[in-house]
Amino acid sequence: MIRFTNDYSEGCHPLILKAMEAANLEGNFGYSLDPHSEHAHALIRAACGRPDADVHILVGGTQTNQTAISAFLRPYEAVIAASTGHVCVHETGAIEATGHKCIACPADDGRLTPEAVRAAYAANTTEHMVKPALVYVSETTEVGTLYSYAQLKALRAVCDELGLLLYLDGARLGSALAAGAVTLPQLGELADAFYIGGTKNGALFGEALVILNARLKPCFRYNIKQRGGMLAKGWMLGVQFEVLLQNDLYTELGRHENALALRLRDGIAALGYPFASHSETNQQFPILPDAVVEKLAPDFSFEFSSKPDASHTAIRLVTSWATQPESIDAFLRALAAAAK
Amino acid sequence: MIRFTNDYSEGCHPLILKAMEAANLEGNFGYSLDPHSEHAHALIRAACGRPDADVHILVGGTQTNQTAISAFLRPYEAVIAASTGHVCVHETGAIEATGHKCIACPADDGRLTPEAVRAAYAANTTEHMVKPALVYVSETTEVGTLYSYAQLKALRAVCDELGLLLYLDGARLGSALAAGAVTLPQLGELADAFYIGGTKNGALFGEALVILNARLKPCFRYNIKQRGGMLAKGWMLGVQFEVLLQNDLYTELGRHENALALRLRDGIAALGYPFASHSETNQQFPILPDAVVEKLAPDFSFEFSSKPDASHTAIRLVTSWATQPESIDAFLRALAAAAK
Amino acid sequence: MIRFTNDYSEGCHPLILKAMEAANLEGNFGYSLDPHSEHAHALIRAACGRPDADVHILVGGTQTNQTAISAFLRPYEAVIAASTGHVCVHETGAIEATGHKCIACPADDGRLTPEAVRAAYAANTTEHMVKPALVYVSETTEVGTLYSYAQLKALRAVCDELGLLLYLDGARLGSALAAGAVTLPQLGELADAFYIGGTKNGALFGEALVILNARLKPCFRYNIKQRGGMLAKGWMLGVQFEVLLQNDLYTELGRHENALALRLRDGIAALGYPFASHSETNQQFPILPDAVVEKLAPDFSFEFSSKPDASHTAIRLVTSWATQPESIDAFLRALAAAAK
Amino acid sequence: MIRFTNDYSEGCHPLILKAMEAANLEGNFGYSLDPHSEHAHALIRAACGRPDADVHILVGGTQTNQTAISAFLRPYEAVIAASTGHVCVHETGAIEATGHKCIACPADDGRLTPEAVRAAYAANTTEHMVKPALVYVSETTEVGTLYSYAQLKALRAVCDELGLLLYLDGARLGSALAAGAVTLPQLGELADAFYIGGTKNGALFGEALVILNARLKPCFRYNIKQRGGMLAKGWMLGVQFEVLLQNDLYTELGRHENALALRLRDGIAALGYPFASHSETNQQFPILPDAVVEKLAPDFSFEFSSKPDASHTAIRLVTSWATQPESIDAFLRALAAAAK
């Protein structure tokens, strides 16, 4: 079975595992108050060009989104997100569980647009409605597309105009950085807060939340603890990000997964199949005849994404830091064969 | 100024006021544990043909929806509602504030359809998504349309098939009963819970929640108290519903407001104006040229509902138990004059 | 049956009923955005000597406490209150339902002391514990005792020192004002927010929340709506407080109930019975032999408060604006007879 | 610096690290739906003698308590716990953050007693109060003491009588099993749910929740996801518990830490110092003169637990699976020297 199911089917990069082993018996103070965590935070601040940022490394993505967003909002405030956004769809209502509505907006190839933000804002105008307060975007998006720096700047401008916070979910930020869509210093400039996702880019687990807006910083660790996200052996989070930031391993892993994904994309396109989104990153969504999908299923694992019509399925193929080039070749061969 | 702003611009029907005066100094046990409340509950049970129902009279509609729905659901369960539904739009995220997502579905002239329920259910299939558990409908809908008995039965059938609860918001149920769309015994047969709205149909305040599904009944009063909805002088809620249920004053008031609303509708239609919805009840949404709206504004109060195009506005005209026939005539005359 | 059960067994003072009748058909904008509400707010601001205060009149006490406290706190912040405090005991966990811990402190005859506040603060020092943020006091307390102006000033000083908010629950503030413990301008000076209770002092329902701290004011109406506390026919709240503030009817009603309560207290004490608290207000807690309580029960209604030992019960006797002097005489006669 | 700060200053046992390395690149389905997790669940079910149990392994203790308790309760239901209980004190109000009150009871050397449960139940009797629904105990307790099987049986009997759930926090269960206080099959017999703590007993992270009561099982994974506790690379949780359960490594590690702790206790006692609790497990709380504490501080790390008087401090000394016997000897030597 060759896996394109997701980018968290394998554990962590060997360098990370080695560093975790090295730190295993060091003896460290718990709860991320240790030299590894401090060092990782410093590396992240430097990489973002924001020495003033607060960095907190949490275990997982839903946890990070929930903890951050619930900490940033007043009870009646709401999130504006694309209808395809992770917080709208794939977190079991984790934001709502903390009391906040997610306003789902039409997505443009997975992206939230300034127009959609304006429309959501304009539709919620009185105290009988929620008060939009935070714009949520994912980079890369849930369908593999990217926000360019210009697009994020345009969203920032709308946020400034309307008094909204800009929050960026970087679960797959490695892939976005590798694709050249945006840089960490640009995020350090534009976002009120964002996170650098480790789980889907080489770490065993871990998401580094970067808080840039000074108003959002005080007492944040109380929120982490209250939401159940404070890891006792927190230095193991620090260790992983120390490695990811060194020699920019983080972006290098993104380049690996992107390169393989684009090879997959180009090979599939060459066979004449269309795609459900214009992804340039490590998730590809080819639309295949059901009969073809059936032939691939015994040897390749992947998720079903949507049914554009009765006889076709868009499947999701994901590459990771651990994906082997041979796996791409095998898939393309099998696809070519299945089409016959 | 003649008011078509809403159906809660006046206080209560004179018979209700008289009954409240009579009960003012009686001396009653608090918190709705009094003979008036018990009598009102019994009248409602009888009117619904459900001697087994639990009845709780709360003060307001948002409070009733929030208390009931949060009591009925497990933390990860969600509400399915039309995108125009009151819980989706006009309650400041009160459902989300208790931790539950509202899944907004495309509305068909204000109505939720079995197809929309099915689609929402089918789109939420794993533990990474919320679990749809309760279908919310309003009778009359927020745009004045009605669910027929057959339509509600179809929704009930889908709910049974998919294991969902059916909850009906009866803020304007008086208007619906008067329109003959449905009867209280039919609701007693179809819903898991619903409420009979007093505030918008002759009461000073008060919404009578009828719980039919035995699983939803235990300890419900704890929820009322915890959500801040338990009125100390609760017998004043009982007194009001005693009056509304006697001689079916409740439906009679609905007939009054419907009759005036339809006269308004027919008069406006006769002048050639279209409507934003096919309302047969006490809310009418004519689409008028902005210039005409401007001429009416100094003498009539109403809400702006939507902007179908750059030069037209759909306004909302609401009649109530207290609306005078002369007010309808005055509006139609003014509209005819404004159009010239 | 003569009722000493509570101070909400009767409806409202005749002057209030009359004013509600007069306003019944006026036609007013809803949701407390009407001239009566504005006038009542202005009268309250004037009475407190705080023209800058924000006033919001809600329907009930638990609702007011829940809405205000949840609006004022960040998610990880907690309330410090006496263990006998209403929020700790008698609101079905309404504060916890909004996510906040109530830290219960030892009560001194129903009062929270600066020492207890300091101790609660000192015991919660890290992000692994909640962060104390708001001190809750009730005036009068739940056992009928009073905070003097000096005692409230001492609590204010501790709050200032430790960075805590001071919130005062005035469900029975009428009785406290009448007893001369404190004045409205003194509360206007000392509290961050407090409420003037109507339900237990002559109103049909209604509690006027006064927000003094500017940081707590923005967007407060969103919270009212979201928690289900926004009354459609809100002018009826305004009307009631217009009457209560005129000629200081509010304090006059407090004087009536206090005078009768002290007559009750003195008569009981003269018969040799002790009390569970040193109440100078409208709740009295005599400790009586169980045999005596049994003899009184058929003719007088009251609540059982505690069992100091196996053969005695502390009962709660409450007087209200509607209590008749004859009822006091009847009780004292019956008690004297029962003791024989 | 020799660390007695806690039992999570080191990473994981070498056998666990080895197993994690071995599983690192296997390729597994995510979210604990993998063979390692299934195997670990099966081993735990077998160890508890409950083939019907549902097992879910979460990352941390606060997360486990919060997820489980909020899943098990209705909104108005409350937890009964010792005032020293972890959920009452050291989880930043995580239970309250999900809407539930924790009723803090007097602790008997860290233990909750049947009498305290009864008293808490008896004090909350109406819908104006929370409804006690779940008894929370920790084994070992927060002060190192133990519940015997007989004591847990007595609590179970009270729970059965009063209709309460019994939930056991096993953050330090390894130490309790090693001390012979209770066995896993006994917990399988007595509790409605409990967790086997990995973080504090040799795992890198991970707490295995065992749900025994069938009513509490459905849809539990929704709660894990919604509270942010579903680990993407969940097989790494399974791997760790596979190792801990094999050859009963879990209890063996507990024996190691207990043996060293008792050696510490006996040595300190031999020097004449008293203890703040009668701990037989891996946390010891000697009461030392402040001057002695000061002399120890440069070479040994530990937490300050309480100040029994102005010149003494109870410190907390914790041993772990990684503590070396030489560290005990060094501490006792230093203490003997400091006392001179």
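Some points to look at:
All chains are identified by letter, namely A, B, C and D, in their written order; residue positions are counted from 1 within each chain.
Here is the rule we use: a contact is a pair of C-beta atoms (placed from the backbone, for glycine too) under 8 Å apart; a residue touches a chain by one contact, two chains touch by 3 or more.
Given the structure is predicted, the values throughout are model-derived calculations rather than measurements.
Interface comparison, B-C versus B-D: the pair with the greater number of contacting C-beta pairs is B-C. On residue numbers, the A-D interface is repeated by B-C, which shares over half of its contact pairs, out of the options A-C, B-C or A-B. With each centre defined as the average position of its C-alpha atoms, the distance from chain B to chain D rounds to 50 Å.
Chain centres here are Cα averages; for chain C and chain D they lie 42 Å apart. Here the CA centre of chain B is 33 Å from the CA centre of chain C. Counting partner chains per residue, chain C has residues 75-76, 91-93, 97-99, 127-128, 130, 222, 225-226, 230 touching two or more of them.
On the chain B side of its complex with chain C, the touching residues are 1, 3, 5-6, 8-12, 17, 20-21, 23-30, 59-64, 66-67, 91-94, 97, 199-200, 204-205, 222, 225-233, 236, 322.
Remark: chain D residues 75-76, 78, 89-93, 96-102, 104, 127-130 touch chain C in the complex. Contact residues on chain D toward chain B in their complex (touch as defined above): 70-71, 74-76, 98-99, 127-128, 130-131, 219, 221-226, 230.
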